[in-house]
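Chain IDs A, B and C follow the sequence of writing; residue 1 opens each chain.
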Amino acid sequence: MNTRYLFAFLVVFVLFLVSWLGAAAGLGWLFGVVIPYAAVVVFVVGFARKVLSWAASPVPFAIPTTAGQGRSFPWIPQAKIDNPASNWGVFLRLLFEVLTFRSLFRNTRMRLKEEKLTYQLEIFLWVGALAFHYAFLTVLLRHTRFFLEPTPWCIQVLETLDSFFRVEILYPGVQFGLPAVYLSGFVLLAAVVYLALRRIVIPSVRYVSLASDYFPLLLIFGIAFSGILMRYVTKVDIRAVKELTLGLVTFRPTVPEGIGAVFYIHLFLVCTLLAYFPYSKLMHLGGVFLSPTRNLRGDTRAYRHVNPWNYPVPVHTYEEYEEEFRDKMVEAGLPVEKPLADAADEAAQEKE
Amino acid sequence: MKDKRWIVSGLVVFLLIVLFPFWYNRGRAVPPPEVKLTEKAKAEKECVLARDYMKAEHMQILDLWRETVVREGNRIYTNPKGREFVMSLSNTCLDCHSNKAEFCDKCHNYASVRPYCWDCHIENPKEAR
Amino acid sequence: MAEAKPTPQDVLHRIQHTPPRSDWMETPVEIRKGMYCYAANPKSVATLGLPHPHAWNPVEDDWHLPENWQQILHEGFKERLERFRSFKVFMDICVRCGACADKCHYFIGTGDPKNMPVLRAELLRSVYRNDFSRMGRLLGKVNGARPMSFEVLREWWYYLFQCSECRRCSLFCPYGIDTAEITIMGRELLNLLGLNIDWIATPVANCYMNGNHLGIQPHAFKDMIDFFVDDIEEKTGVRVKPRFMEKGADILFITPSGDVFADPGTYTAMGYLMLFHYLEEKYGLKVTWSTYASEGGNFGFFTSHETMKRLNAKMYAEAKRLKVKWILGGECGHMWRVIHQYMDTMNGPADFLEVPVNPITGTRFEQARSTKMVHLVEFTADLIHHGKLDLDPRRNDYLKVTFHDSCNPSRGMGFFEEPRYVIRNVCNHFYEMPANTIREQTFCCGSGAGLNAGENMELRLAGGLPRANAVQHVHRKYGVNMLACICAIDRAALPALMDYWVPGVQVTGVHELVANALNLPGQNERTTNLRGEEFEELMAQAEGQSDEG
């Protein structure tokens, strides 16, 4: 048993209980208005402060990880994205990093078998991460329908695409699939389960995982699960929900009657995620753009990078060096700045 | 420093995107749609099932009705109160709620829901007839 | 060594990559013989004026630390967070996805979980969370935060000197988190307490005072070069005439002093001398050596940014004093990371030098237009490309060569095609190792970043396992018998690695291969290579081997 994931699980469970009891106790204003506002403020302020604190530290040296042939002679083809020599190349490198997780795509798995090391392509983490992030993005974008009236056409297109795959089941006692199934929600749930299981099952990953690694996964699981529950199983009055959410973003908060507890649980978990975000590893969202090993050009010999705090340092000068070794240098036939005789004269003068 | 300008611009853009609903709506009031009941519907007092249930889960019962009619050929539905209905969107539902634009569409548009009912069913069978 | 070494097979079967049951924070570090380097000689630390020089022994329980050592570390940590965005961002954004875990050669070779790059960084991050994050301190161990203690310090020291700053992990990290950067910061912090290793501190002091890591004094340096001159004459019949600290020479040449001192680097140094002689005879190019700036390598890089700058300053200072046009750098690994990514920033701008132009081919080295220092291998590649060298690659026909990409030119420069181009032009038999072990994915020799001491041989052999294993693959498949590289530490470290893991494979610098193929004006029959081995015998042996195969 691992105290770290147990702890994370416990925290998420407590959050669930709190919001459930809160909703049951009729604390609609607290859970529907006060906490969401607070969470957004914490997120925005915390996020900005974190990014600005990173920006406050300079980048004294250009230290890109060069992942391909650097710019050399015209007759040697350069890896223009993996070792960029132009800002355009850096832009593409970051773009691929952020949109396609290019570095993670390189992932290999090392095996030691019969005295031989092999490194095979290991694509599952990449697939899982990609699925997770894109599903999450789609879910987020879809949710703008609760905050905008009318819902913009592009969001409607996204919804249509997301629900292209119809799954409708109707047996006595089992009815599922209306309203239309959004794939993104289920992909998100599956990906989050995969990422969590991977953390628990792979020994080396379990060994390095902290409570703060399990916590967001469990939290997002709770969010996705409650969302799916609300959409397909214990349905809520969507009109009332939108009234509440629109009220928040138009600064006319209201708490309509008749919204089920699942909604408040869902919302509270989302608020927790928002407020937790800036103080956690989830800030890799912003950090990936600021990583000096990825966002700098590789042509560091062609353009000088300036270090704002470059201070002078004590150096052992040539003069000091020659002073110490002049005799030996002259004897070995090495050229010197001051011939032995001159040096002797100077020494004599200084004595006087 | 040049990179700070980039970082701050990026941050501002990100926060603008995150806060898009707030500044896009600019605090204007967006009242929730008021669903209009026809005189006939008002007179009925209660739908096939309880009002709260119908609000959130009407699609479930429509789905059930379709299944029962199309697959089993059974056209009669008995609600828990023992009242019988002909299972028909056009002839039963739209009989009371003949004002689709003021009833169905209002909420569906508000919640950005596009039911596929109208892919097959015509909107106002009585007028079309 | 008196003790019997375990056989490679034993070692391979003993490696266990599954982590132990006990949580990493609860597993105390055991500073084990063979895995660590001796403590820095206080004299060397004092020579440089670095903080808290003192005698201490890593395996003892008292490291004679200053009273307020925790405060020193905390303040040092804070200062570095404020100075280096890399450090700050890397402390914050790791998600512990584990992609880096099996990328580290020390983890592959030892199976010690704290050699997984993510955990090596967590050693510092755990203290960061405690010292610089309120939430971190509040949650404590369950969230991976812990206060600095002597135990933690021991762990830092042990594992930060089991990282060769090769950056392989940073290639695979989705955010580019660079353990080398974290190790560099960690070692800077340790240096605030005088806790360096001697294999770094003493070379640094030597380099500072005498111009090179080995502490070779000017006359002795010249003696060694003269010895090579005799050697070259013996083998080729040509007496080369190296220049020393000659004012007004075209180019200043700087190479790691290891090339002057230890086999097989010495043959590479002879290669340099022969090439320069050829260029002077044929084209009148004047290249000068310097004893003041007689070190290309920079172990200051493994001590602190400041120390790196202090040692590196000599390159530009000497170029300025000698009024050369530009600087040429020999085959070295971390030296080239320092030159490529740090030198111009630290000690530039080098506006007293010219944009490097190869006077023989007319090529302008645009890639070095600001730093004004050219890699000898790119220089040679340019010469070969323009047909300016008279080469007879048949003299290398007994060799089946593979190329080991050194970490720093690979992931700190992207220097892949130039050496391959040169090798292909001077050798007829070249074979690549498997794709996941070369170029940007190359493995360290296991001895980089100042860890090529004698006392930590077990660590070095373990860290070199992935490289050796890949060499073994091409050795068995193609009969590869020569491992070429462009790094002095490689040339010092790989022979021991090969002897242990892949006997029968020798190590060479690229310019030894060049020199063996290079026809010097007025040369003799050339019946032996630079190592004095008869070509006839070598060819016969090689044919015998390929018949067997």
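Note that in this section a contact is a pair of C-beta atoms (placed from the backbone, for glycine too) under 8 Å apart; a residue touches a chain by one contact, two chains touch by 3 or more.
Source: prediction; values computed, not measured.
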| note | Of all chains, the one whose CA centroid lies most distant from that of chain A is B
| field | Centre-most chain, if every chain is reduced to its averaged C-alpha atoms | value | A
| note | So, in whole Å, the Cα centroid of chain A is separated from that of chain B by 37
| Separation of mean Cα positions, chain C and chain B [Å, integer] | 69
| Chain centre separation in whole Å, for chain C relative to chain A (CA means) | 32
| Touching two or more other chains, which residues of chain A qualify? | 54-55, 58-59, 290
| How about chain A: which of its residues touch chain C in the complex? | 3-4, 7, 50, 53-73, 75-77, 79, 82-83, 97, 101, 103-104, 106-110, 112, 115-117, 119, 125, 129, 202-213, 279, 281, 283-284, 287-288, 290-294, 298-307, 309-310, 313-318, 321-322, 324-325, 328-329, 331-335
| note | chain A residues touching chain B in their complex are 40, 43-44, 47-48, 51-52, 54-55, 58-59, 144-145, 147-151, 155-156, 159-160, 168, 170, 175, 177-179, 235-240, 242-243, 246, 249-252, 256, 258, 286, 289-290, 308
| remark: Residue set of chain C touching chain A in the complex reads 8-9, 12-13, 15, 17-19, 24, 49, 81-90, 92-99, 101-103, 108, 113, 116, 118-119, 122, 133, 135, 139, 142-144, 167, 170-178, 181, 208-211, 217-219, 222-223, 244-247, 291-292, 305-306, 309-310, 313-314, 317-318, 321, 339-342, 344-346, 348-349, 363, 366-371, 373, 378, 381-382, 385, 410-418, 421, 434, 436-437, 439-441, 465-466, 469-470, 473
| message | Help me check something: in the complex, which residues belonging to chain B touch chain A? | response | 1, 3-4, 7-8, 10-11, 14-15, 18-22, 24-25, 27-30, 32-33, 52, 55-57, 59-60, 63-64, 67, 107, 109-115
